[in-house]
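Read from first to last, the chains carry the letters A, B, C, D, E and F; within each, the first residue is number 1.
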Amino acid sequence: MLTGPFLDRNWMGQNADFASADIVMLGLPFDGTVSNRAGARFAPEQIRLASWGLEDYSPRFNKHLQDVNFHDAGDLELPLGNTYRSLDIIEENVRQIYQAGKRFFGVGGEHLVTLPAVKAAAAAFPDLAVVHFDAHTDLREQYLGEEMSHSAVIRHISKFVKDIRQIGIRSGTKEEFDFIKTRGMDASINDLKDTKIFVTVDLDVLDPSVMPGTGTPEAGGMDFNTLIDWFEKLKDFDIIGADVVELSPDYDPSGVSTAVAAKVIRELLMVC
Amino acid sequence: MLTGPFLDRNWMGQNADFASADIVMLGLPFDGTVSNRAGARFAPEQIRLASWGLEDYSPRFNKHLQDVNFHDAGDLELPLGNTYRSLDIIEENVRQIYQAGKRFFGVGGEHLVTLPAVKAAAAAFPDLAVVHFDAHTDLREQYLGEEMSHSAVIRHISKFVKDIRQIGIRSGTKEEFDFIKTRGMDASINDLKDTKIFVTVDLDVLDPSVMPGTGTPEAGGMDFNTLIDWFEKLKDFDIIGADVVELSPDYDPSGVSTAVAAKVIRELLMVC
Amino acid sequence: MLTGPFLDRNWMGQNADFASADIVMLGLPFDGTVSNRAGARFAPEQIRLASWGLEDYSPRFNKHLQDVNFHDAGDLELPLGNTYRSLDIIEENVRQIYQAGKRFFGVGGEHLVTLPAVKAAAAAFPDLAVVHFDAHTDLREQYLGEEMSHSAVIRHISKFVKDIRQIGIRSGTKEEFDFIKTRGMDASINDLKDTKIFVTVDLDVLDPSVMPGTGTPEAGGMDFNTLIDWFEKLKDFDIIGADVVELSPDYDPSGVSTAVAAKVIRELLMVC
Amino acid sequence: MLTGPFLDRNWMGQNADFASADIVMLGLPFDGTVSNRAGARFAPEQIRLASWGLEDYSPRFNKHLQDVNFHDAGDLELPLGNTYRSLDIIEENVRQIYQAGKRFFGVGGEHLVTLPAVKAAAAAFPDLAVVHFDAHTDLREQYLGEEMSHSAVIRHISKFVKDIRQIGIRSGTKEEFDFIKTRGMDASINDLKDTKIFVTVDLDVLDPSVMPGTGTPEAGGMDFNTLIDWFEKLKDFDIIGADVVELSPDYDPSGVSTAVAAKVIRELLMVC
Amino acid sequence: MLTGPFLDRNWMGQNADFASADIVMLGLPFDGTVSNRAGARFAPEQIRLASWGLEDYSPRFNKHLQDVNFHDAGDLELPLGNTYRSLDIIEENVRQIYQAGKRFFGVGGEHLVTLPAVKAAAAAFPDLAVVHFDAHTDLREQYLGEEMSHSAVIRHISKFVKDIRQIGIRSGTKEEFDFIKTRGMDASINDLKDTKIFVTVDLDVLDPSVMPGTGTPEAGGMDFNTLIDWFEKLKDFDIIGADVVELSPDYDPSGVSTAVAAKVIRELLMVC
Amino acid sequence: MLTGPFLDRNWMGQNADFASADIVMLGLPFDGTVSNRAGARFAPEQIRLASWGLEDYSPRFNKHLQDVNFHDAGDLELPLGNTYRSLDIIEENVRQIYQAGKRFFGVGGEHLVTLPAVKAAAAAFPDLAVVHFDAHTDLREQYLGEEMSHSAVIRHISKFVKDIRQIGIRSGTKEEFDFIKTRGMDASINDLKDTKIFVTVDLDVLDPSVMPGTGTPEAGGMDFNTLIDWFEKLKDFDIIGADVVELSPDYDPSGVSTAVAAKVIRELLMVC
């Protein structure tokens, strides 16, 4: 073997040992149902590379990535053309993470990957609530006749979790906005403090100026610090799983979207 | 004929029937006098395509595009190298819209296209005022010796409309800023509530981070929601015409500028 | 109605009347099974726009587009997430074209759209042969377990057409290259002169320098004129259908790939 | 004053002294009549910068730029919106170059800038012939009703020069191609050896793979070395003026088009 | 000589005469120690070009660039691979500026160029304080074993200036943040009013949405107007030198980052 | 541990076991002396990712990557700002590869990384010759006063290897071209068949149309197949080391340059 030194090719600051880690990060390179611009399949690896452009220390949370104790398990190999089988593979792996007594941290891929992940999490924690950051409601029953769509992911999840709260929403059908109101799914989260929660972040919750590299850019979103303010509120919550989805790196030739996604993940890890 | 189904290639949510529509949308692919970066000629068609990435429902105005009752008439064919003839064609078509008892909604093209449109509108409504969103004063008498320039469009308009108000201005010569002060053309609009107004939106009123795809990016602009706040103020005004100009789509390879332009148009339609 | 003049938004030089046209052009915006980089769904409309940057006269074939007598029928609306239903819609529409006694000219979309098109063509012309321009063999039985993949399209077609010839191939598995040899599917086409043929052009047959905007760029391809030389050879063949697929316009910010695709289509129309 | 050293900001290898130079290089940042994609106005300065990425030695011609003895006079300031005045300014300055007993070397800008330059050259050399490298015939009488268009430049020139030869042409109307034939304007140049010639190079004569950053990319062009082979043929001709036009640098984010344009200029200077 | 008119190729609004100018602007095209994405070497010339897209009048400061009385001295020629020699050349030239009784205004280049500039300034003004705008602390002692790194520039400066204040910092190691606290280097600047100060602006202090074209984009930064608010606070301070660094223009194909950098410089000049 | 399946993140087709491999591939992410456009430091990892877009079978050589028996050892961590130390680390690791009785295959990084690699190879094989593919001679003694420059790498190598042959050269100073002639370093290679050779491929030997993503694009290069023809000639030579350098992936937003680089490496591996 060679003496190197060699560049580490895993997420910066990870714990290389699965067994002793508290959190398992899993890349989910799937974008088979994207209705607008695809490419989210390339996100997990590009974010991993971009993580090395960050510091491992977060001044906001006064904490190092090493304190988080997460293991980067790599990216699943998913058959893009077969949505159902892809979702099964994700669900099975996330289930194994919870069976090992660990927490799951997903890196998408499109938002539909959240469905099997939350299914596996809800199997482990029956009273699970979901805190959902997004520009879009994702509450359709189907899209162009397809039930399995990233536009329907939260609707499907709403059928088996106890509670959902949505933050940053600014686009959807009138029916979807009515559904939010009827179900009490708005952005108030304080009553969830004693509930196990799964945090899912669709990066298009950020304004397109901050995150141009995404499949469905929607003007009028929040800036980076506002999102991290929300994470800070979640610091004392009982987060048992999380994911960050919908970066489409090729749509931003400046590379900034990927760098922002990496920092969103770093800061979200700090409160998990 | 074929059974399809076929994609609709007009603006999302339009009324396909000219006769029954209240508003007529007209694409104005002209950029012959642009002083810096051209390409606004490509905007009308790219915005039309991008409109399908939006929802037809605006949660901000709790209204559907279909409720607006606008007809997408397509894009005029303009002889780019001949400024005067291009302006004549625009004026004649806009005049026909007003003669048909309808309102005009233009999609530029560079800002000079607003001159013939407002001329035609002022012919129909003699006491017309103009509400002007822009980074630049556009109050020069000429630019490099040319009277017909997108830098002079509002100066020319000021000669035949009753009133002009400017919002978002952050660039111009000292003479232009003095002209604004002398004429009382600042951003206060409340006294215009009972006046017929024409709303012209130069997209560079938005910050370049939000709208990089424009000919003359000018740092320090407003964000998307601030612009829509202004539109909300205009909801109770008597808007008899409007346009949105100066997207240069090729300068933003992420496609976000075009998506933002489409949403600006959707929201402005909601208050027309 | 307005006097305009208005820009024509159909393919340059088309016959606006379906009934009297000899050839029907159909846009097929589908890219649901793409194994590498998606985005071919955006190709048909962008190519249509780019057609107006060309002349309607081809000096190579000394012929005008108007002489071809083709009708641009627009783009099918396809449920991207549902491969089978998308393919059914394509097949049904192409069948209608042949039932109307016309020839089909498809604009993809990914290469899988060729499967239902050739199925419909073969139903009309039982002894059909396929002339296949591509960098890739596309002869897999499945890809990542999926039978319906753009990597398998020609294999599936090989089961129901009389003959296939492949031109420009430079990538595949050893098994695929052996399959070509066993089946006699190489680039010799002279014996097909009296056979009805369907010509399918995967644009990645061109070198990536000529066509960077494609899903699976493969170095070492032919240049533009070599491809048109092949078309010239096909001038005296009995082409009853054709398609041009796999432009992914967003991957080429220079716009050149889209312009090249439009010209490939213009020249192929000249020999259909 | 400071001791530096400072970067030279003129064209690499120029003679800083106008009086003693044999050739005067003039930047012509005009693109007011471009029918497709504009931006050629930015070319002269970007090419100047890119010249420093080259060597001053040409191995093909075994000669240094310093041996050419050319002076970089800078870029004219042209009123883009006023075509006629812009052309007048160019003509007047080129006339001064010839009156000073020097030869002219122009850097466009769009192709229309060649019209006043050749006018001034023809005033000095009445029997002038033009050797024209281009993808397009540029032989229209007018474009969209405009006489002054980059699509008409060679037609206008044909009215006052003795002879024109066109090399690389692959696009035009049937009428234009007939005009070429009638006038004997094809690519044979040997009989011009004893004639004063003006060489005008529209960079889109190169294939779009080589030169994506141009206003009207036209597939099927020549590669770089073929163009330089033509320059080599011209080595023994009596070139009294030349220009290189139609780079639109912003359309090629890789910067390669600008680098290629700079090298085309370096090699053309070698034979002037 | 020619009558022109010619485009001015220096910074807009400069005083062409070194002797009578109060401020000397110097381009410093060096990026040899950049840890992430290079390219800052191309900034000085691209910003100079972009300055012509601005007005010379600043409405914020109600002042013209001509009132600033600055001379654009051009760009130093620096041996990129030799960090120490490059820094020496910079120091020597800046020293000459102060010896001539003028103030220095630098345009980077990477941030390390600030070290020799401040050294020369501190030689002229021994009680100098530095006001430092940046996303990053730049307080490392070394980076990957290298003392001379843009990540260490402020640490080295801290050893010979009286005081440093940091504004906009949001990234660094825990040790660096502790260093800031210990040394009292936070953003309070009011007590520096009677001190000679050097203002150094790393453009990544702006949010990456505003300034994507930089080497180390760091989410969560300030917007343009907030930065100019800081400049306005500095209006009454005794600024004896300043620089603006770390634009990497090639990373932003929209050109907006370069336009923003030019305006940052214009506004900073207004308070110098 | 999880059941996956997981994506392999090493070079496609590698042997995961160092000990049993014949060839060791080493990434060398260094670009500290690049004279024009940097970014080659990002190449090794992006090429590794792009390798998965290729087939593992080469039809040209009728061979699989698995038959090559190479091990992907990862990328060295190099202190960019310290050229000498970076070169030492490379030399030491390459020496270890030869001491283990294996052959070296480097992936740059800029061309200077070839110097320590060939040093280590020449220590193992004293009569080594170098076959050098490049647009540039790289034969300067120094560049801007720096001895250690990618423009000088072959000159330095020429001092300790037996022989050098250069292929594809089209740029250099007159002195460099004279040096080639004097030393007999032209493209004839047949007499090297019985000599141990090291093959170094600067990717800018390819035409910029094929490889825009490189630091110093130089028009007039060879196309992909011509380069592979050269590799085919080398099939029977005794190649004991090789490298492929100077991809700068960020300069080609289409991603094609990276895909081409990956295929160049695959084909070169086939003949090693």
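Of note:
Criterion: a residue touches a chain if its C-beta (ideal position, glycine included) is under 8 Å from a C-beta of that chain, and two chains touch if they have at least 3 such contacts.
Here the structure is a predicted model, which means the values were calculated and not measured.
Among the remaining chains, C is positioned farthest from chain E, on the basis of C-alpha centroids. Comparing A-B with the candidates B-E, A-F or E-F, the pair whose contacts agree for more than half of the residue-numbered pairs is B-E.
Distance between chain centres (mean CA atoms), chain B to chain D: 38 Å. Chain centres here are Cα averages; for chain B and chain F they lie 54 Å apart.
Residues of chain F in contact with at least two other chains: 37, 77, 207, 209-210, 250-251, 253, 255.
Chains touching one another form the pairs A-B, A-C, A-E, A-F, B-C, B-D, B-E, C-D, C-F, D-E, D-F, E-F. Chain D contributes residues 1-7, 9, 18, 24, 26-27, 29, 45, 49, 73-77, 89, 92-93, 96-97, 250, 253, 255 to its touches with chain E in the complex. Per the touch definition, chain D reaches chain C in the complex via residues 36-37, 169-174, 177, 207-209, 212-213, 216-220, 251-253.
Here chain A touches chain C in the complex through residues 31-35, 37-39, 77, 79-83, 85, 143-146, 148-149, 250-251, 253, going by the rule given at the top.
Interface residues of chain A facing chain E in the complex, by the touch rule stated above, are 53-55, 57, 59-60, 62, 64, 207, 209-210, 223-225, 228, 253-256, 259-260, 263-264.
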